[in-house]
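Input: a single structure, listed below in structure tokens.
The letters A, B, C and D name the chains in turn, as written, and every chain counts its residues from 1.
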Amino acid sequence: MTTVRPTEASAAHQPADRGRLMVHGADRPGIVSAVSGLLTEQGANIISLDQHSTDHEGGRFFQRTEFHLPDLTVRRRDLEQALDETLQPLGMTWTLTEAQQRKRVAIFASKMDHCLLDLLWRERRGELAMTTTMVVDNHPDLAEEVRGFGVPYFHVPVPKGDKSEAEQRQIDLVKDNVDFVILARYMQILSSDFLENVGVPVINIHHSFLPAFMGAGPYFKAKERGVKLIGATAHYVTEDLDEGPIIEQDVARVTHADTVDDLTRTGADVERRVLARAVAWHCEDRVFRDGNSTVVFA
Amino acid sequence: MTTVRPTEASAAHQPADRGRLMVHGADRPGIVSAVSGLLTEQGANIISLDQHSTDHEGGRFFQRTEFHLPDLTVRRRDLEQALDETLQPLGMTWTLTEAQQRKRVAIFASKMDHCLLDLLWRERRGELAMTTTMVVDNHPDLAEEVRGFGVPYFHVPVPKGDKSEAEQRQIDLVKDNVDFVILARYMQILSSDFLENVGVPVINIHHSFLPAFMGAGPYFKAKERGVKLIGATAHYVTEDLDEGPIIEQDVARVTHADTVDDLTRTGADVERRVLARAVAWHCEDRVFRDGNSTVVFA
Amino acid sequence: MTTVRPTEASAAHQPADRGRLMVHGADRPGIVSAVSGLLTEQGANIISLDQHSTDHEGGRFFQRTEFHLPDLTVRRRDLEQALDETLQPLGMTWTLTEAQQRKRVAIFASKMDHCLLDLLWRERRGELAMTTTMVVDNHPDLAEEVRGFGVPYFHVPVPKGDKSEAEQRQIDLVKDNVDFVILARYMQILSSDFLENVGVPVINIHHSFLPAFMGAGPYFKAKERGVKLIGATAHYVTEDLDEGPIIEQDVARVTHADTVDDLTRTGADVERRVLARAVAWHCEDRVFRDGNSTVVFA
Amino acid sequence: MTTVRPTEASAAHQPADRGRLMVHGADRPGIVSAVSGLLTEQGANIISLDQHSTDHEGGRFFQRTEFHLPDLTVRRRDLEQALDETLQPLGMTWTLTEAQQRKRVAIFASKMDHCLLDLLWRERRGELAMTTTMVVDNHPDLAEEVRGFGVPYFHVPVPKGDKSEAEQRQIDLVKDNVDFVILARYMQILSSDFLENVGVPVINIHHSFLPAFMGAGPYFKAKERGVKLIGATAHYVTEDLDEGPIIEQDVARVTHADTVDDLTRTGADVERRVLARAVAWHCEDRVFRDGNSTVVFA
């Protein structure tokens, strides 16, 4: 029942001179004060500030600050220097982004269109602060549909056996060209080599159940057990398949009258909803990774 | 959290020889027995049976029976005769449909694409047992998009003052050509003349709040009151605007951080979900009207 | 978001002369017709009928019929004889219950009061068609509270090692005295001997996550993974711990700001809600077991 | 699906030396920096900071800061003086509370026990950072139950006509003795005189529907319209009955099979859940009133 709240204004028209500062590190007194003092000193007006500490004694500290600073692009270098001077002594890591600079993304797909099309459609509607620079698909079926959105489409077949060549082609397409990758029901396992080489966050969506059903045919197994809820989980991809930090989850109700096909269809609906939220939040720098967990300032 | 469960098999490929019998009237003993006896006698196998009585003394009775009957199309006339003979003496009204005969629909739209495209996309995916025979729009913007789905698109401008001519054009397009009409965020009020002339059910979707906010700018008013839930209601259209029998409703959670734009966007998401469910159920004859209420065998 | 709909009238005052007939077996044509014909013939008026078939060719058939039959208690024997004559040749198994006969239940608890008190309180309010004849607890803490509800309380300590003696005491208390057992956060594993000897259905509630977290400290593990939903599952107990047929499930949303304690507390809230629904449905004979799955006519 | 997250540690055992600073006023640059700077200067460690601005140009600013300050009680006066010096020139209003000082509450009830008992039970469990100092009831039925929780119970009958005397008795009981009042399904309308005289926030819970149904018998009207969702709203009481700023809302799903009694019962379940959340948030100073809206840092 959570909503996609893509941005303060509109994901489509991000305001100029709007910056986002992400700070994290070992918690210690004075960080909020130091960061907000620095921003005020630099002439920035804080628009929103979210802060979380896992434990105020020996915990990890996370802060997202959205601010308005006239001529941000011009004055960015000065700001960055001030941030280094203030935050390095405090042992803090920081990232600065401009809301106007939409994130570039590559979407990987595999025949199933529900997540892919929903993302392209939401992007066109202005709900997602991103620019899809390419779709990479190991099946050719969706080419026309994707290109209808004005998005380049690359068909990269992935053979059953050695996938290294296909992965190399994918890396060649994506590397340095995108800020993150979305696996929109991409049905191939990516090697840890790929994850290392691609060098940007990868977001995946998959079905989820209570309890989990391992291996093949999860909807069939769920049916066999009489589950009443079908869920989906969006998470960052790590080396352990389907095991990375969770960004968002949701469920839908099902009954004994639902066939395995119905469960699958319901699952698809939840998947596109959950993935859209996770992507919206990632695009607006609302998600911190914290080990195998996340801090989401939604 | 309810799911769209479009059909027993798949909305795309409705099984042959599958019939649906809808029976309703004043409740009295023996109806279930009479109907099921008749079907068995005719060689039909009951696949599913839903029954509801508003009150078993003096209430209203509703029954939906799905059955398999070899050569249904050929034997339909005999079956209908038997139904008349059995059910007329019991004072029951009945309707018989064949699952294979997909309902024909006209979708009315007004610029906003979220409900319209979601329906077309779900139909293409095989989630809705219907055939969209036309889209009627009072703005020309969505023509290309709709025709990309292979669906005829008619632009019927509606002037501010006298709408009777525009409504006549709409009637000319729709009359006898469709089994029902969907108002997919169609922003014009239809006259009672239109509703009478069109002669088929009309399904509408609109935003809903707890409490309701009347008149213009409901999202603005909701924001002013601090509402935490944004909802949508799909209903059959009656002469009282936004007041007909409710088919389906759902909500999404919002917070103080959501702007009026965010509320509107969240509302759009709930609208398309709720409308899709209501349409799926209508297409499969799962909805009875009961005065200003409904009985939904979802 | 599902509701507890305890009964047609009120769980507290079940109408007289109201019967429930549960029929199940291998699906074959003519069952609905045979059952409804028989009931009509016997002078019963069908109030509600729910039917489900897992597959209309070679599937399993389930039917729940609620009916009104004047002088049901007196005429019950005749009805049972007629049911045998009609349903045995069709290979159907059936159960007949009278709505007025509330189910007797023993609730097993272990210190934690949230599920136990919620059940007792709902029973007193008339939301559950059951009579709690005893509470069996392996801790003595809740004695006064339980007896305040007028319910007998038995403290049966369970030692760490050999539990057979304690289980024997539990069996002595429960055997032939109750129609089912609820494990309301009872923290001891019951042996398969116990399950066999007790001879009545046992309903359990436990926390659930997407994905599942095995072993000790599940809330801690959930926190480590950043889960956004905390769930609960009510199910019939089988020999495989926490693995029986699911009756009901639900979830609640959590965030990174929730501590492990918060997750636990949220879990408790979901648990009592889910358990109350499952128990209400069981009490009204709305749940069929189907192998390791269920058919719930909620 | 939202959770009650009563406190950072446990509502039962609020940590010592934990302060909460609530600041609000017309938005202007530099507030976050000024507040956090001041706290750091005073030796406080910021544990969590939530901030919201309705519009960063000409909007209203809200900030909740939770901090740790050794010997808070002793040093409170110095801190308050510093706050005055810093925040008054900025035109900000502020409140300082100590987490250890549980809020004192009077609960008003009227026969129906579901909300009242749920609150008392959650308080006893340690889920609510409050102390119920009295229950005021215009019916005598719940006396024993309430006193079983160790809470004083006052029966103040309210006659049909002139209620001023009864309200005076209520004021005499409550005035200066409590920090807020909860109307736990209190079925009498409070006069604006009462609200003025009582001088503390009053939280109410009532049923809500989409759309709203005005006047008497709302569940009956909801049934007549075929609503599919039953909701509840917790809000601060203002002179306009049932119209104050909303703190929390939720819904539950219902169907045509639910009777008016079922709807009422389902409504009761949602009411107690929603009220418990609203009260928990109020107790931890998570709710700002903003005109007829709220800012809830849940």
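Just so we're on the same page, a contact is a pair of C-beta atoms (placed from the backbone, for glycine too) under 8 Å apart; a residue touches a chain by one contact, two chains touch by 3 or more.
From a predicted model like this one, the values you see are computed outputs, not experimental measurements.
> Moving only from a chain to one it touches, give the least number of moves from chain A to chain C.
Between chain A and chain C, the shortest chain-hopping route counts 1.
> Same or different: do the copies chain A and chain D touch each other through matching residue numbers, with over half of them shared?
same
> When the C-alpha atoms of chain B and chain D are each averaged to a single point, how far apart are the two points in Å?
41
> Could you grab the centroid distance between chain A and chain B? Build each centroid from C-alpha atoms only and quote it in angstrom.
A distance of 36 Å separates the two centres.
> Could you say which residues in chain D touch two or more other chains, in rising order?
Residues 1-2, 48, 52, 229, 251, 253, 255, 257.
> Looking at the complex, which residues from chain D come into contact with chain A?
Within the complex, chain D contacts chain A at residues 1-2, 29-33, 36-37, 39-40, 44-53, 56, 68.
> Which of the residues in chain B end up touching chain D in this complex?
Touch list, chain B to chain D: 1-2, 52, 208-212, 223-229, 231, 233, 242, 245-251, 253, 255-257, 290-296, 298.
> Show me the residue ranges of chain D that touch chain C in the complex, using the header's touch definition.
1-6, 8-10, 48, 113-114, 117, 121, 125, 127, 148, 229-230, 251-255, 257-259, 261-262, 265-266, 269, 273
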